[in-house]
Amino acid sequence: MSETIEKALGDDRVAMTRRLAGDIADGWYVNLGVGMPTKVADMIDDGREVMFHSENGILGMGPTPAEDEIDPWLVNAGKKAVSLTPGAALFHHADSFAMIRGGHIDLCVLGGYEVAENGDLANWTTPSGDILPAVGGAMDLAVGAKRVWVLMQHTTRDGAAKLVRRCTYPLTAPAAVDRVYTELGTFAVTEEGFRVLTLADGVSLADVQARTDAPIHG
Amino acid sequence: MIDKRVADLAAALEGISDGAVVMIGGFGAVGQPDALVDALAELGPRELTIIANNAGWSAETGIPRLMDLGLVRKIICSFPKGSTVFKDLFTAGKIELELVPQGTLAERIRCGGAGIPAFYTATAAGTRLAEGKEVRTFRGRECVMEEALTADVALVEAWQADRWGNLVFRGSGRNFNPIMAMAAELTIVQAHQFANELDPNVIVTPGIFVNRVVQVDSRVEKLLAAQKAS
Amino acid sequence: MSETIEKALGDDRVAMTRRLAGDIADGWYVNLGVGMPTKVADMIDDGREVMFHSENGILGMGPTPAEDEIDPWLVNAGKKAVSLTPGAALFHHADSFAMIRGGHIDLCVLGGYEVAENGDLANWTTPSGDILPAVGGAMDLAVGAKRVWVLMQHTTRDGAAKLVRRCTYPLTAPAAVDRVYTELGTFAVTEEGFRVLTLADGVSLADVQARTDAPIHG
Amino acid sequence: MIDKRVADLAAALEGISDGAVVMIGGFGAVGQPDALVDALAELGPRELTIIANNAGWSAETGIPRLMDLGLVRKIICSFPKGSTVFKDLFTAGKIELELVPQGTLAERIRCGGAGIPAFYTATAAGTRLAEGKEVRTFRGRECVMEEALTADVALVEAWQADRWGNLVFRGSGRNFNPIMAMAAELTIVQAHQFANELDPNVIVTPGIFVNRVVQVDSRVEKLLAAQKAS
């Protein structure tokens, strides 16, 4: 493994999250899945206006409030305290998922176990071990949003590929993913499979291909 | 005179019997009808089917307490993780689980309240959760048929209620509460405050969907304080 | 035709409407169809509380306001100015019909062309002549409300029966009607057909049967 | 910065083309986007499909004016009576009518906005309006399958709007407006007033459903005065 690649892989996920945040257009309505995707909200530059949606009934979700400004009646989909930005609106769960399922959310950012070159997404349960499967809103978001971008490490901790020909994990949704953001780059899901949009600094196409179980088109 | 306010939790829960299907609102600590659920645990009806987003967190309160007391036969939810009580019962085969995507759960409940027996959605099509469900293609997209959910009882939390049962909510406290209020035969509300009369333009749940309201000091603040301390 | 019957038939519809209003229980949520049913609202005695629903998004509809108290933003399903009573709520059309279709309305009072002894209702269009059929909310109300009471003259102006064995007019809904209120009496729709609940003053069962094209059970 | 306010009616309607499917809110004189409809008549796109509750009243304004100008190919509505314009065109076979029960119309529009392609309802089962529709029995009750309605454009009236497109309504002015706002590709709002910022708890239509807002002095008062005088 080259030194630059090692460095990219050792990145604390900030760079890939920032890269994704930079690709969000002003004025978009964006839902962020729990975990790493949540951090995207902190990386929207000042002066830009993006409206964040939380499936439990918030549009215009703002950052974590200071301890003394917490409104105990306001939590996000991860059950953490949040704030409201100007222009926010509140609604119930059926209206919230009407936004999602009805194609009104411009972008949903999700984590992933596997993404296949046909856009299949697996991010909700493992093939065998998950005694207690929990799906939450993942399936609704994956089929409903106008764009689905997956933000994840390029490989598992054991080095196994997560960008694959066909998912081996149970699907969240077929043909759902538009882009994948990893520490190695940004990859579009196209009719011919994965295509590079951006490579991280010091990363070559060959580096990516070596860590991917499907053809990567330059 | 219409007056749906009742004096206490016992009066609020009167008549809930064994085998009841019970919807319970709330998402995270917000909008949980916690006092009603704990009073239901005291009342002790058995063989309940619970419809809620989560299976709860702590064995001492809420849905896990109902389970721990052996009152629950089945839960229909989107996210059963959180409490070890459910996990233990489930792995021991002592409780049934119907896992439903969150948006499908919300829509099935809303349809239950709106008199729509079934609908189609692309959610879950082509996944394990569509197994055994009818599939049909609309405009080139594969969809599954989902049937409405109704209940004998809905337990709901609101911010304010008036004597007609009109409700308003606060912050993210709506979540499943307004749609569950629509979908049950008997809708029981714990409200943080009684109001003399609410502005007709801002009411979220019209009183037609509500049968009983009891005033209860909210525990959201306390819960959040405890969470922060831990 | 006996004198008393003539008098009953000559009634200005006030008595039958009042009879129906008296059968409404306190606390019911009631939708009144356009035309004669609308008058029911004016006949609820003082001190009773009945919540009137209008399908265009009002619960707690009050009487026609005085000219100088008209709110131009508030009309009923007949497009006339109305007022709000204490405890009123406003909502959109899908929520309004969720109340109707979901079985939350305790009673709907409709007009009728024909009611059959099996509860079939015809009240929206004529068999032949109606070049421009208009249905409005009649079909939704007829299938959705907990109880459907039809308020109508017992016969047509030409003396033809409107309580019949089988409807000849196009149906609004099959097996929908629970009761019929006419100037001759109140009739329940039961498994064995029409059954008398009340006869108007001076009206006999034979009088009713003579004007009805289905058996009337006493 | 998000700012959906536009300067005038022309800017509000920009880009509506021949063949568009156009939803138009309103019930009676209330909640009618009258200024937008009259401006659409001036703009003059042809072969329109109109989705609205009524076919309108007067040939001088609103939907009948669109029809009178020969711009409308088809109307989907629950109550086409009122204007002689529609009646004359319809009897002459010059306009198409799809008659839909009012609650089914509302639900089809709401489903269009909510991404539900089809649903079942008992409304119209066993009647002439179910002819040609798929029928299926749920819990012993015959139901018809109804498909969602969507549109290229929704014309909506609101009481107040802010720069994000959040809307509140007044009195019976909601009617079809909030659900039509959800169901169109391009939702255009005429608002009686602009507000700096609306209370998140009382917003009826979140701005996500709205593309453009134009401020227009409401004509409801004038119309009602005219009605009374006649």
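Some observations on this one:
For reference, chains read A, B, C and D in written order, and residue numbers begin at 1 within each chain.
Keep this in mind: a contact is a pair of C-beta atoms (placed from the backbone, for glycine too) under 8 Å apart; a residue touches a chain by one contact, two chains touch by 3 or more.
Computed from a prediction, not measured in an experiment: that's the story for all the values here.
The minimum number of touch steps linking chain A to chain C comes to 2. The chain pair with more C-beta contacts between its two chains, of A-D and C-D, is C-D.
Centroid analysis (C-alpha atoms only) places C farthest from chain A. Chain centres here are Cα averages; for chain B and chain C they lie 36 Å apart. Separating the centre of chain C from that of chain D, both taken as means of CA atoms, is a distance of 29 Å. Centre-to-centre separation between chain B and chain D, using Cα means, comes to 33 Å. Touching of two or more other chains is recorded for residues 107, 110, 114-116, 121-122, 169-170, 201 of chain B.
The set of chain A residues touching two or more other chains comprises 90-91, 94, 97, 100-101, 144. An unclassified topology is adopted by the chain contact network, corresponding to no line, ring, star or complete arrangement. Going by the touch rule set out above, the chain pairs that meet are A-B, A-D, B-C, B-D, C-D.
For chain B in complex with chain A, the touching residues are 27-30, 53, 78-81, 86-87, 90-91, 99-104, 106-107, 109-110, 121-129, 159, 169-179, 204, 220-221, 223-224, 228.
Residues of chain D that touch chain B in their complex: 107, 111, 114-122, 138-139, 141, 143, 147, 168-171, 201-202.
Across the complex, chain A meets chain B through its residues 54-58, 67, 70-76, 79, 81, 90-94, 96-97, 100-101, 125, 131-141, 143-144, 170-174. Put simply, chain C touches chain B in their complex at residues 26-27, 29, 49, 51, 53, 59-60, 84, 86-91, 94, 97-105, 144.
Of all residues in chain D, only 1-2, 110, 112-116, 162-164, 166, 182, 197-198, 200-201, 203, 206-209 touch chain A in the complex they form.
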